[in-house]
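Chains: A, B and C, in written order; residue numbering restarts at 1 for each.
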Amino acid sequence: MTMRTIPIAAASPDTGTAYGRPVPTYRKELTEVGAGTPMGELLRRYWHPVGLASDATGTPRKVRVLGEDLILFRDQAGRAGLLHPHCAHRGASLYYGKVEERGIRCCYHGWLFDVQGHCLEQPCEPGGGGHARERIRQPWYPVQELYGLIWAYMGPPDRKPVLSRYECLESLDAGEMLECNDRSIGGGGPQIIDCNWLQHYENLVDQFHVIVLHSTFSGTQFVDAMALMPQVTWETTELGVKAVSIREMPDGRIFRRVSQAAVPTLRVIPSPRVGKYGRVESLGWILPIDDHHFRIYVVGRVKAPGELAQMRSRQNGKLWEELTEEEHRQSPGDYEAMVSQGRIAHHSEEHLASSDRGVAMLRRYLRRQLEAMERGENPAGTDFDPDAAPVFFDAGNFLEDPPSAA
Amino acid sequence: MTMRTIPIAAASPDTGTAYGRPVPTYRKELTEVGAGTPMGELLRRYWHPVGLASDATGTPRKVRVLGEDLILFRDQAGRAGLLHPHCAHRGASLYYGKVEERGIRCCYHGWLFDVQGHCLEQPCEPGGGGHARERIRQPWYPVQELYGLIWAYMGPPDRKPVLSRYECLESLDAGEMLECNDRSIGGGGPQIIDCNWLQHYENLVDQFHVIVLHSTFSGTQFVDAMALMPQVTWETTELGVKAVSIREMPDGRIFRRVSQAAVPTLRVIPSPRVGKYGRVESLGWILPIDDHHFRIYVVGRVKAPGELAQMRSRQNGKLWEELTEEEHRQSPGDYEAMVSQGRIAHHSEEHLASSDRGVAMLRRYLRRQLEAMERGENPAGTDFDPDAAPVFFDAGNFLEDPPSAA
Amino acid sequence: MTMRTIPIAAASPDTGTAYGRPVPTYRKELTEVGAGTPMGELLRRYWHPVGLASDATGTPRKVRVLGEDLILFRDQAGRAGLLHPHCAHRGASLYYGKVEERGIRCCYHGWLFDVQGHCLEQPCEPGGGGHARERIRQPWYPVQELYGLIWAYMGPPDRKPVLSRYECLESLDAGEMLECNDRSIGGGGPQIIDCNWLQHYENLVDQFHVIVLHSTFSGTQFVDAMALMPQVTWETTELGVKAVSIREMPDGRIFRRVSQAAVPTLRVIPSPRVGKYGRVESLGWILPIDDHHFRIYVVGRVKAPGELAQMRSRQNGKLWEELTEEEHRQSPGDYEAMVSQGRIAHHSEEHLASSDRGVAMLRRYLRRQLEAMERGENPAGTDFDPDAAPVFFDAGNFLEDPPSAA
């Protein structure tokens, strides 16, 4: 038996095994969204949708944005408010508050706050609190309403930009109306998606996954034309990264598809179902809930109410939540691809290839915005002119004649 | 488009927003209860109820007290025992032990321990273990039974005080009997309340929340008289902080209500339902289960069995666990106010006002007890004289004639 | 009242209470199994079963071994593969991959990997990826199939031993066949057991718990003979620790039972139900899933299919998962004893006695293997000779005549 313990090394050892693999890491500066983090501060330089306009009511509602828990409500004068949940007095949550004409009243001792956090009443204090009351401020964030959404600015007050308007939502064709949706259309999964927001943002400039994940892999999730291998070019624009996919159609015509990932979290993605050709019909905003969750708000031009909801992904006619685990495994979509990268994708283990050039460009673009912010500049797309023109994107699905053979 | 990226600061920036809010903190020395922490050590200088007398039976029971997991049982000779769960031998839990005449036997190798942790048998050892066995001690805590409760002392053995008796539970009126209850009466919620114990302890000297939370906010949870705005005075006593609330009744008489928060965790609160006037009819002990959970044991004088259980809060006739989330939100009580302050309230974000003077006094009182302990003194209310008189509190609901107009 | 606060020390303080008990600790070097830990590296010098052969199919399967998440599959050419779950490209999980003739294809962009992690296709790259593709390697581990199980080697490639064979599984008696089982037979509980693997490994050389836990405590879980108090001797062998239990039977004959805990995690335990006397009929491998979970794979010689599954513990005819919490408490088995020691047993609080000599010897044996590994030696039981004889254990249940009275 002695022979069996003599140390002998394997003659031609295996290569490339998982043994000794370094502990994976991720790019914290591009992914983490909490207050005080680089990306958290960059994102806080923009307005973000935090709910449907109809979410702000007389019933206080819990919302979570960029890692912060907040209370959304609408006072009886119609003003939407977004307040820190813990009452400035002794910390009971305004979730249990009562909404009144002038604001929201804490359940514990009745302090009343308006939508800007001013303390209007302290019913248990002698004289109603007097000067001491006037110095109290419930932490709050400014909100605005546009396109059926509530928008919040959670950044440094002296850097608050104007709320952007968008040409594709301002200029409606005959018979069109705006509709908004909070079901995370484009995420391919449930309303709250349990991975880092960047995984989805990068997915926007990843044109090639369409022909694998959405076509050959899970059947044709979109339309036949999308399954054709495209020629893709990416370019960095002022507001992000734009992708142009050129597909030669069976009839010789050219299908030109233009998409964009724009600051801060904007999906400028023409419908992959290509119902009709033309300019992009909807915009989506990825809302980072915290480092490990996001959701998507979408606003679009439709012909009839409910049209936007039809854009949610279906597989064999079923919505994501109606599929079994086995069906998810057999027919994965964006949700399965993104979430299976991990709560935050392990960037140290990636091997980007030429088809990932859009992803690489988007990361560089974000890093440049971080650097601009660190230099004291305002990041791209923050506008301080109330009369600024709406933002225009040249995105869409376009069917064009082939270049003449001349 | 160039113009749009020129840095421009907002003209009159918002004030008081939540941006840049410091990370909240809490007073660890007043809240945390684990072994070796300041408050944990202070609390360990007193006896605490750890179960109903009927909880100690031949079936071992898991209890959790001050962050420690323990096993409560009663041997067949009638002695209650409170032991560290992991057998001194190899660590199997005594939860799976068998209770015998002389103690509890571990399931794994049969070591038998008495209620003081002495190892009486080691059946797998030659000679039953001999002298080595005699040196083994299962970690234990001394217990006593009083008022229908099991009391444990978990502090330094040489500082063990006598178990206090209380006048209001010793001196019964004609037709009265004692009853005890473990349903966390006074907590306004479930049996186990998921926030720090101090939030409830402070609630005891917060006389003003009664007229907001329990009256105007959620309808009249108690009785009409309690909804009247009181005149409140607080004073520090030897054993804690006492609050006197004076209400002028519609008929001109004076309703004087006297409550107290006493060491270590004592609720000296006359019934807020004011069934009859007179001295306080029950005492409650807040048991800190760990930093984030507590429960309340109550002992009271009643006329008939089951009367104490009638004191549990109801809203529209329903017990807390019978209400929907929407009903909790619409009619919050002590539970919602306390628990929504956070697992441990963020003291750094509070703004105490004049109506919180009792809270401030109670914190100072606790800090003085911590300081006394650090100086080597015994904290207030620890008594070492077996013949000490029962503790007397002058608490109650008293209806009095108005002072003469002379 | 002043008298009551005078510091007075208790006259004869309690001894042995749980107050001041040190924070418990455990032996990290013997328990933790992650990559880079001492025991994790020692265990990685051996082959471990990671699934039934039938677990490797065209449907990718998640497995977790030694704290690592992996994907097990079988390509259409019949080769089993064990790969790091996150695709080397952008990290989507191969759990959503499609198995093909030559390997598994990632759902996101279609990279195809063989069972050794070579990247065979990159369909979205110009020219299929070219030389860059050839440098890509999906982290993988070598696997082999034997005795109906898939075995993996997760250690340093140049230390990969041959996969051991075992005499008791190679040499079958007339009418016998091999059967394997993944239900954690011997663990006394569910398929995945939620405590550290060492707690079970030590249980193998703990001969005395049989007469308490399995006999007097929970009724006779095995057979009457096992309830007799044995004479036990332990010895360290080349491959672990061997225990010999001698029981004098009512008819005067000697029941000699020989068991062994062997490297790396081997259960060499004759049936405690003692269906028939003779050499050990099965072997079990404890698979550490991570620091807090393990499972057991068993291979045995049987007369008929399904015989092995009959070896699962039953209490009153019920399997573990069919018993109520109350029944578990009344009739604890190995699972309850082991898991109640804690996720990882608190070694600092143990008091090993003479009946624990096997446990102490096994720990010393493991420490010596750790030391050998640190010196650069190969640990015991790692064999590099493809023609090595099968490993032989002299374990079994033997019924023998008493020594002659001469």
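Assume a contact is a pair of C-beta atoms (placed from the backbone, for glycine too) under 8 Å apart; a residue touches a chain by one contact, two chains touch by 3 or more.
Only a predicted model underlies this, so the values are computations on that prediction, with no experimental measurement involved.
Trainee: Any idea if chain B and chain C meet via the same residues, over half in common, or different ones?
Mentor: Result for this pair: different.
Trainee: Can you report the angle of the rotation that maps chain A onto chain B, using C-alpha atoms only, to the nearest 5 degrees?
Mentor: 120
Trainee: Taking each chain's centre as its mean C-alpha position, how far apart are chain B and chain C in Å?
Mentor: 45
Trainee: Residue numbers in chain C touching 2 or more other chains?
Mentor: In chain C, no residue touches two or more other chains.
Trainee: Where on chain A does chain C make contact in their complex?
Mentor: 1, 3-10, 13-21, 206, 208-209, 211-213, 216-218, 229, 328-329, 332, 336-338, 340-342, 345-346, 349-356, 359
Trainee: Please output the residues of chain C touching chain A within their complex, sorted ascending.
Mentor: 35, 44, 59-60, 68, 70, 83-86, 88-93, 95-96, 98, 107-110, 116-118, 122-126, 129, 132, 136-142, 154-160, 238, 376-378, 380-385, 388
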